[in-house]
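Listed next: structures, encoded as structure tokens.
In what comes next, chain A is part of two complexes: it sits with chain B in the first one and with chain C in the second one.
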Partner chain A sequence: MILKLVKQPQFVIGFLFILSLLFLSFYWPSLFNVNKAESLKLMEFMYDENGAITGSIPFSPSEVPPFGTDVTGRQLFYQILDGAKYTLIITFGVAFFRIFLSVVITLINPKANYSFLNDLVSATLTIPTTILAYIFMTSLMMKNTIEPMGLTKLIIIQGLILVGIGIPPLISTFSGEIKSILNLDYIKNTFALGAKKPYVYYRHVLPELSTRLILLFAQQMIQVLILLAHLGVLSIFIGGAQTLMLGDIFNLTPKDIPLAGEWSGIIGMSFTKLQTAPWAILIPLSCFAVTIFALNLIIQGVQHGVEETRKL
Partner chain B sequence: MNQHILEIEKLKVSFKKKSEQHIAVNEVSLQVERGQTVALIGESGSGKSITSLSVLNLLPVNGFVESGSIRFDGKELLTYSDKEMRKIRGNEISMIFQDAIASLNPGMKVGIQITEGLRYHNLIPKPDLKSEALQLLEQVGFNNPAHVYHQYPEQLSGGMKQRILIAMAMSCKPKLIIADEPTTSLDVTIQRQVLDLIDQYKTDLSASVLLITHDFGVVAEYADWVYVMLGGHIVESADVYTIFKNPMHPYTKALIGSIPNPSSGQERLKSIQDYPLESVSNDGRRFAPDTYTKESSFFDTPSSLIEVEPLHYVRFYDEERKVTAIG
Partner chain C sequence: MYFSIHSYFKRLRATILGVLILSILPPLVFGINTQLEPEVWLYTIIGLPEPYPIFPEIYEKFLYSMTIFFSALLLGLLSAMILTFTTSLLPRFIQRMITHLLTILESLPDLFIVVVLQVFVVYLYKQTGVVIYFYNDYENPIYLLPILVLSFVPAIQLFKITFLLMREEQHKSYVTVARALGLGRFYIMMRHVFRNVLSSLCQYSKTIVVFMLSNLFIVEYVYNLNGLMYLLMNTKGGAAFLVTAMFIAIPFSVLFELADNFKMASNNDNKESAA
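Right, the complex of A and B next:
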């Protein structure tokens, strides 16, 4: 199967894009020969050679190429590169735990029909996941404001919320699939030989489910990326935010700066400036779109690979 | 030592579908003697496979044993926990399923699959599993076991796959093999090879075989004792010679009559439905059931197996039904 995937151009392109993005995200200071702290520092004004102010934040892509700056004056290009690893790791982690926990919960009692859960899932399909996430996240952020918690704890709880809201529909999907796999004759034959359930799951059920798991994992990554982008628009920052006072001494305004550098934070931070600095929102949104496109290529590659295997 | 390796008594198996409950096996009693091949014969849906799956406690999710007893080697299997049943499955009772193509994992080499039972029961050390697999492959008639060991199921013919299944079933040297229509998906020339292999195993190890089939030709050749099933009931049982010499229940006659016989000069092969069950009686008693329609209220009217001659049992309606039907 892996050999088949390597022969799929869509899979290779998508996979290489994600891999390159991660590589760049970790090694951009050495690759571009820049100082990381210097490149990501806040910059309120731009000065000419004589020290005179020539412009103030946010700077457009023509003023600070290639992507301009956000509302705090930090270069978007470097922020995007640096934030890619956090965005991808959070997305990867949430998608992984959604799939892993759903499979484990389903396998604990594969005979359960989860009819209540199925009804609940179909009834809540009309409620966008973003709204659900927003409700839970705002409650958490309020609690965090009253009783501040550590960054790690906050990220873990936010991660659990993102994982939790994706699990019920996945259990609903997996329960049907696992039931039909357990009804396959060779699984019955294995049980008739005296096999234990964990052995059957590990040796027969999971390999049978593997292609579906890869596809669902990529789909979940896309869903999490979309959710993160939406949460960014709703000013929900993964890892919380720090409030800074920005502006000149006569007009200081508080500004929430995300603590973790992932892309949705960049969107959320600049959303109020949609009219005056559209690039600060459109560029991270485009990055989400391109990453989703790459993941879609991976999905297509896997699907073509499976079809070719079936034809043989 | 008990002369019967398997004794099933008044086994009742039902299936739940939403709030409804359907009886699939209705008070079935049968015995398998040590060293014998017992055939359980009947058309599809008569409850043969469900009876055999009950023995291994491998009923489908919505199926359950309502009542009865299944004793294997004197032990009551229905009281066994899942852990205890795992020790029996494959090790003491093996099953050969009818669909060889579907019964092997397409993604695993057959050599590995053959020794799965041995691995679960830790019967031989892991390093010896391969040599045992090669030996088993040779035993089931493969001339080049080393080559077959590395093949995937899709690279083998139907007959070869069935032989692999037999090798899997034989691997732990069980005392009882349940062969659930092992030749259904095979052509006639291969059928004989497969049945000969099972028969050879039985003879070599003095094992017993519960042969589930709908083919009376197979029964005639390999079985010692026959149970005929219809709609979840045993309708007739006797040794194989009596069944062929003096079949009494019209359904048994129908099954025997459906065997193609070129010398009979029949223009058209008779189907089971060509043999009416209604209004057929013996010595004033009506055979039960007297309808092929399972939904009929008469289908499950109380009936019993009556010994019509020594060790020849036929199902008749109990007294009340006899009176209402005939009287």
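Right, the complex of A and C next:
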């Protein structure tokens, strides 16, 4: 299976892109030979050699190459590089736990009907997942302001919300698939020969599901990425936000700055300033688009691989 | 007949139960009530001081959202059809290029398209002085830009699906027979292939509608439209959420019921013809 995937160029390109993005994101300070704290600091004005002010925030990509700065004056390029690891790890984790938990829940009792879950699924079809996530997240945020919890606890609960939203539809797809796999002749025979359930699930059902699992995993990652971007626009940040007072003493404006530097936070922070600094939103959004494209390439590669094995 | 009242009511009951669970789940899980208003019909918009009742404005909002939704769906369907039709008459290598282009276009998040169009409209105004309204005020709701944006994603998806179905369909034997009879490529496409593709397209309608609903929300939020999805977001759970969600769920469950029944019927047809 893995050998076949390696032969698919699309899969390899998509996979290598995501891996290299992760690698860059972890080691960029040493690779570009810059100080991490220095390059992520807030910058309000730009000075020339004599110390005279030449410009103020936000700087466009032509003023501060390559990507310009956001509305608080942090360099977008380094921010995006640094945020890539958080974004990728969050999406990876959420997608993984969605799939893992729903497979486990389905395998506990594969013959169950889950009519309760089907109710939930048919209701959530018409309500966008973003609104669902928003409703849960605002409740969480409100609780967080009343009785503050630690950063790790907050992130874990937010992750649980993101995982929980995706589980009901997945369970209803998996329960159908697993039921049809368990109805296959050779699986029935294995049971008749006296094999234990865990053995059959591990030995036969999971390999049967494996390509489907990879596909669903990539699709879930895409969905989580889109969901994160939407939540960023609704100014719900993973890891919460810190309110900074910006501007001069006569004109103080509170500004929520996301604590973890993932991409949706960058979008959400500058979203109200869309007309003054369109690049500060379009560039992170295109990063989302490129990552989704890489995932789509992976999906295509897997599908091609499956088709080729079918032809053989 | 593809519709039965009995199974529709069954689905409706399931939906109502599901929405009910969803509306009470956040306070149950977190032990906190976001609905701080004393009356259940009221909702607040962040940044505005006073709460608003959901009735009777909800009817207006419902009409507005549905107008945008269905015009966008129609526009998307129409443009997808035209696109498939023209591309299927083009030479092979251009077709292959288009499939690659579609993968790229498909990867663009809906948010990206919304934001790009908004920036583009402002740029257009600055360059040429042509005004396209992209922000809503309460008296004059806007239609053009939201419909355009909303139709973009379904147009791409539908185009991809019909294009792939069309290519599959072209290798079937009835097309070969028609070719051998000396019928023109255009005629076969129009009379035979296109009809079959359209009927199998109905199977995908559910996915596209679900995707568009989530899209509608982001369009309403970014363009500040006074629609149903924006209201749903602001109710934040509770009774107001329940009622608003019902306004979306009841009409769309009719659509889903139809789609599912149609799917089942066509599957049965296939089985019979295979047997």
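Here, the second predicted complex is superposed on the first by the 309 of 312 C-alpha atoms of A that agree within 3 Å, B and C clash if a C-alpha of one lies under 4 Å from a C-alpha of the other, contacts with A are read in each partner's own complex, and residues count from 1 in each chain.
Definition applied: a contact is a pair of C-beta atoms (placed from the backbone, for glycine too) under 8 Å apart; a residue touches a chain by one contact, two chains touch by 3 or more.
No experiment lies behind these values; they were computed from the predicted model shown.
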Specify the outcome, clash or fit, for chain B and chain C once both structures are aligned onto chain A. fit
Regarding the shared-chain residue A:292, is it in contact with chain B (first), chain C (second), both, or neither? second
Determine how wide the angle is at the CA centre of chain A between the CA centres of chain C and chain B, giving a multiple of 10 degrees. 80
With the two structures laid over each other on chain A, which partner does A:142 touch: chain B (first), chain C (second), both, or neither? second
Just chain B (first), just chain C (second), both, or neither: which does A:207 touch? first
Looking at the overlay, what does A:34 touch: chain B (first), chain C (second), both, or neither? neither
First (chain B), second (chain C), both or neither touched by A:189: first
Residues of chain A touched, compared between chain B and chain C (which is higher): C
Quick check on the superposed pair: does A:306 touch chain B, chain C, both, or neither? Answer first, second, both or neither. neither
Which of the two partners, first being chain B and second being chain C, lies in contact with A:234: first, second, both, or neither? second
Touched partner set for A:12, first chain B, second chain C, both or neither: neither
Looking at the superposed set of three chains, what is the minimum CA distance between chain B and chain C in Å? 14
Share the list of chain A residues that count as touching for chain B in one structure and for chain C in the other. none
Interfacial residue positions of chain B with respect to chain A in the complex: 56, 58, 60-61, 86-91, 94-95, 97, 99, 102-108, 116-117, 120-121, 165, 168, 172
The answer for chain C against chain A in the complex is residues 11, 14-19, 21-22, 25-27, 29-32, 34, 103-104, 106-112, 115-116, 118-119, 122, 206, 210, 213-214, 216-218, 221-222, 229, 232-233, 236-237, 241, 245, 248-249, 252-253, 256
Which chain A residues qualify as touching chain C in the complex? 115, 118-132, 134-136, 138-140, 142-143, 146, 225-226, 229-230, 233-234, 274-275, 278, 281-282, 285-286, 288-290, 292-293, 296-297, 300
Interface residues, chain A side, partner chain B - complex: 111, 179, 183-186, 188-196, 199, 203-204, 207-208
